[in-house]
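Structure, as structure tokens:
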């Protein structure tokens, strides 16, 4: 089973993306399903054992939340760019990671980077913390708390770790 | 009649989205010019790639869907790609900048952290 | 029926087959397959040649698209000549390589076959852009073959050769673009048909494109001052590759015949005989510079390379003369000079194997282990190169001289050719006496100085061609004349479409 | 439009030729790459410039000349193969000859290496002696 | 018997010594002699015919296009020479049997000798001009082999080369002359030519023809100033000297002049040239001969002198003179061959040829000495010997000319001086060798040679005597026949009696003898006088000339070709500038009749990006990574420009290639120096390069504008019209690629595959420079596989594969296709290598690129060859529409299979190109590369 | 076909994106470091995507879409490769 159908979620998502690309028809569905089956078989050896998503629904919620954050933060950062530089207070924080697995940590770092104003630049070698550059660093502790509550906590649940 | 209104409505929406997208694009790139050091500039493309492209794509998506009378959402795939890759690009460039000990403007908080992070890149800051 | 395409497709198929990973460690099988395909290509070329002599040009519509829209292959007697020439040369060089040179690196056999594919494609195609593609095939294959066996000298030579030709390819594309804009077509027969009625406005484009294309072919043909790549390339690569490369310059000359002979031929109206004057001067200068190089050469392969430049200059003089008789002489001369250049490299290879440290440098060395057979081969090929009877050089030389006389070009062609012959004689007699007779010490008996029968057979085949060319000079010259006539007449688009029923 | 297009192609050709005349393999390959961009634009121009007339049937009434496009496509691919070969050859030359001069002869003023090492095929690393400058053939 | 056998038998005779080489010497000589003897027999049997004026001839067609046939005829002139060649040839074969030492390769010697004999016979029997030249050159070649017979000796090699070069040069002139004659006459048939005397003489090319033919003759016959090669050809074994350098080859030039005498003589030009050169040669040769201490040297210069004598006779404007010339040809051949043989015997039996050491040999070898003295007397022109007769004729005829106008009296005077010199050196030959005291320091004690070694000399000496006494009887008829060849209109009456009474010629002879004796008696003073002049060794001069020539050539060559790529590229660019510039110069304006379109701001911005990007690439090219970034911008903008100008396929292709190129450059940059000094060249160089670049840039720019503004009638409409109906696709560009011009694409993937193979070869066994630090000297980071890159890349792979499938499948109808899809797949896989490293990838099953390439090429080929099964040409496509429930209507096309081949090849080739390079450094590279 | 409002908006947007690209160009030339230039290139990729989408909108053609998709995919690859080069020199190791 594993050999024929190594990554079921991937297969599904690929079929979905295929339909996104080509539009809906039965023909495309068949083709999408076929590719959704074939591609994972080809690609499987090259994909590390991801920590799998345990709660897909929570993931969806998380994504929508992230989307909203992106919009809001974008406006904020745009404002900061347009302001003179002297008002800028950039800084670094070392966010203490409690997510230790690679994939969830990557998702967290990505989320942080996607929301404007913060960029994940580096992981500590021992994965103890994530170094983040902040465009405008007002309050370090509240930012850390925000990240923990808004992103890390949900991700822990999603990935079940 | 309602058809016409829909068209008009979507026109306004599309125009708005396209302009919003372009604005964020412009602001992001302006940030690239204007911001004082590399790490601050690193924030700029995320704007362009998220809201800038996002809004433009949604505009395009809506417009083509209305025009062709069927749902036309393949633009989303571009967004998926960008959302997946933009943080990695930033991460890689950031790492490179840390590795190269790019200077930061005075007043940057917790510079020590950056130095600590840079140590990962195998080099002490030259004196 | 598909014969016309086979000189291209057979080497391709052979190359792909020996490229199958199963063959990777099976050198004997690679050799066998490659030889079979080379023999097949030769057989096909001969049949094709006889067909064209009997029935005239054979068109082949790739994809069955009518002319001038699709890509056509045209086999006419001239192409047939060149195909046979290439096949024999390749067969002999390959045979030589099977003596061990093929094992000094990977993928020799597929590359060799690909090389032949490119050459044959260039001979057959009737489409200007397709010609570019085949030029690139033969070039990239030649780049790869050039470095076969490795070594500093080869790398150095490859560097020049590759970069130089890359610039050439860029110019090729520019020329094609301009010509396409001027003519609106890429089919060479179609271009030829349109030449006389080009609108006034397009003339500068046609001229610029035609002249630049001439320069591009001049690079391949080693026309002065575009010849610089040749000596180092030929003298540093491995022997069988150098021998095969002997045909490379002829691809340039052939293209000049094919494209400039028809598109910018006598009947081309305002663009008739484009660049002929320049070609006249430059071909003459090529002979001179080649002769200077011949005198200056310090090693045998360098000497051969310069002799090739001289022979190419001579060939280009026939192109510059441009009459049917001159083209015929050029065709015969091309056969002779290609075979002899290839043969000379193989003979040089025999000598290098026997001379140890001295290599092919023209210095004193130990006596040769096989003086008779190598001496005989050397003597024949040297005499042929000089143009001394009774070998093919003399017939070739007389053919060219006579054609120049008939067209009124003797005043510049003759002195150049005769003096070049004298220079070759001086240099080759010096080289020969040094290589064979200026010896010291005892004949080496170590195994490393041994040469195999395969090597001798390969060299023998090519050297023997100089006798074949003389013995059968009668029919060969007549066929050359026929091929030249057909080439100058050209094939019309209508003929192509009529000849190939849709 | 035609004018600015021509000027651009001209400038690109100028820059590429200038690069090719520098004595280092990297510059020459860089020049060749730039040249192939310029040549592709040039070849493309032989079909004329058309806005919003892609050669896809049923998209519009008129089409851009598809033939030059097909030619450029082929040229791009071949150009890529050639650039790749030239570039790897440059590496080979550096490895064999110790410098990256197109002629394989280091010249005074060349930066030879940043204290390089040679890695043998078997993986052992050894310090590579600095090649002497002004080496001759 | 057929005349063809006469040259053919000696040619077959070449093989006999080659096979008999290991047998006893006598057998070898006998075997060699058989065939020429038969040939001589044939000739003798043909004599009556020739005497009757019915010239035997034979002709076979060979190369009609070149007017070259195998044609021989035998007339009097040919007969005389044939007899000499075969007769003396046989004697030489006998002589050489004893002369060659056991160490010599007699087989090779005889084979070369037979080859030479063939060539010589070919020359004198030819009745086709080109064939004549054919054999003429063959004499040069075969004589090269004979002169250099002792090839380990430097003087033999040099002498041979010199002879070859001089006679070869003459041969080329002769060829030109002969071709001109053929052109003027309209035939290369000798007998036709000989009948066209006036035609040639009145042609404007006549002077040129005369000069060219005479150049051939003079070089071959060692006429002044081309005489210098002959003495050095004496490095050959003495039989060769006897045969080639006295009897036959040097006479080929004389033969040539005689052969063309009927058509080329009878003009001032001919007489002036021939007589003066002959006279000069006569004197110079005779004078120099006197001072030679080497026996063969003396004979060589004497030969030169006698050749001059014959030439002079041919140049005197009387019919009798030319007859005398022919007579002297025989006489000289006979006595000089015997003298050479005698000299060879002396050398052989005494070990020296130095006349300062050779003294008093009369005592040691009286018999040989007597023979030699008789022959020498003939050489001196002593009465009762054959040499006397022809010399008397010369003296007589020298009185009947007016070549020098009022100064014509000089000629008899000088001829007499020449005669005196001949007497003097003949005297020296006799006295200095056979008398004059005792031998000094000879390596061997001289003694008589083996019996049969003397036979050839005896025969010849007897002939000298017989001809001298019974000239009319022995050669009278022959001379008449020869005369008929020279003077077709009629041979004048002549008498060959030995006594003409007391007349002026006899007086001249007397003077010559007395003068010669006087000269010889005063030889000490003369030698002393001559010793003041440093002797010029022609061999060294020649060698010096050749070496200087080579050195000069080297300098010129080095000047033109300095081995620099920049030089080569500059030339190419100059040529391109000329090629493009010439036609454009004539234009008053670059613009054509097409209207131009408006410029928009986006285009302007794009152009600005391209221009700035290109210029920045140049300016930053010394900081290579930066240049790479700027050129990437150019690439990106070019692809956007393609999209902008309605070429989506191009945009896609350019983009994917662009990325692959960047990766490639990055891989390469690691192994190349990171920086270089850009402007370390002199400013003049920079300015020149900049000038050239600007020039060609402007030309290409102008050309672009010219193209864009000129209308075109293109075949392209065909493609748009037929793409759907004939090719089954709506993306015309793709249909062109896989169908209309599928053969281009077929070639293109071949290029890609070959490049991959070639690159594999380039990387095999490479020893790389691996930089321990980046361009600023900073050690590399220790983080091999950045976490996020690793994680996200893996997620991207399936997505990228899906996209490539998407691009592939839609290619036929919409932008896309196998090539772009292949590149996307390849780049996605390369991305895995970048993110995860080679080892990781290898652990997960390495991709075999070779299989990709092979299967791709095979699929492409088979999809093309599949049409053969239906009797259609290669790459003929097939497509049809099908419909299935639910799925609906869909299309299947053979072009898709072709595109699949493209797809696979591209993946294989690109991956192979990129990853092979990447893999190079992988082997156990220490993690902290910087600190290793 | 495109109506006036959207057409105008797209034109203005394209102009803005064009200016944004020139900003990137400025950073690209200005540097000062290679990292800045890579960043500028990366931003250029993104701007190009927008430009191509706008182009498609302007012409009302979906044919430009793949171009944008490819830039999105491949732009990342080259940015990542460049950064990896800066870090490790050896991008495939």
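By letter and in written order, the chains are A, B, C, D, E and F; residue numbering begins at 1 in each of them.
FYI, contacts are C-beta pairs under 8 Å (C-beta built on N, C-alpha and C of every residue); 3 or more make two chains touch, one makes a residue touch a chain.
Computed from a predicted model, the values in this text were never measured in an experiment.
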item: Reaching chain F from chain C through chains that touch each other, fewest steps; value: 2
item: Between chain D and chain F, the fewest steps along chains that touch one another; value: 1
item: Chain whose mean Cα position lies farthest from chain F; value: E
item: Chain whose average C-alpha position is farthest from chain C's own; value: A
item: Inter-chain centre distance, chain D versus chain E - centres from mean C-alpha coordinates, in Å; value: 39
item: Rounded Å distance, chain C centre to chain E centre (Cα mean); value: 16
item: Whole-Å gap between the CA centroids of chain A and chain E; value: 75
item: Separation of chain B from chain C, taking each centre as the mean of its C-alpha atoms, in whole Å; value: 58
item: Contacts with 2+ other chains: residues of chain E; value: 563, 565, 569, 573, 628, 644, 648, 669, 700, 703, 707, 712, 714-716, 719, 740-741, 744, 748, 751, 754-755, 758, 762, 765, 770-771, 774, 780-781, 783, 786, 788-789, 792-793, 795-796, 799, 803, 814-815, 917, 921, 925
item: Per-residue overlap in chain C, given as positions that touch at least 2 other chains; value: 129, 133, 136, 140, 143-144, 147, 150, 159-160, 163, 167, 174, 177-178, 180-181, 186
item: For chain F, residues that touch 2 or more chains besides their own; value: 14, 19, 21, 34, 38, 40, 63, 69, 73, 75-76, 80, 84, 86-87
item: Interchain pairs in contact, sorted by label; value: A-B, A-E, B-E, B-F, C-D, C-E, D-E, D-F, E-F
item: Chain E-touching residues of chain A, taken from the complex the two chains share; value: 7, 10, 14, 17-18, 21-22, 25-27, 30-31, 35, 39-40, 42-43, 45-48, 50, 102-103, 105-106, 109-110, 120, 123
item: Chain E-touching residues of chain B, taken from the complex the two chains share; value: 77, 80-81, 84-85, 87-88, 91-92, 95, 99-100, 120-123
item: Residues of chain E touching chain D in the complex; value: 563-566, 569-570, 573, 596-600, 603-604, 607, 610-611, 614-615, 617-618, 621, 624, 627-628, 631, 634-635, 638, 641-642, 644-650, 653-654, 657, 660-661, 664-665, 668-669, 671-678, 680-681, 689-690, 692-694, 696-698, 700-705, 707-709, 712, 714-716, 719-720, 723-724, 730-733, 736-737, 740-741, 744-745, 748-749, 751-752, 754-755, 758-759, 762-763, 765-775, 777, 813-815, 819, 906, 909, 913, 917, 920-921, 923-926, 932
item: In the complex, chain F residues that touch chain B; value: 3, 5-6, 8-10, 12-14, 16-17, 19-21, 23-24, 26-27, 33-36, 38-40, 42-43, 46-47, 49-50, 53-54, 56-57, 60, 62, 65, 68-69, 72-73, 75-76, 79-80, 83-84, 86-87
item: Touching residues (chain side chain E, partner chain A) in the complex; value: 787-788, 790-792, 794-795, 797-799, 801-803, 805-806, 809, 829, 832, 836, 841, 844-845, 884, 886-888, 890
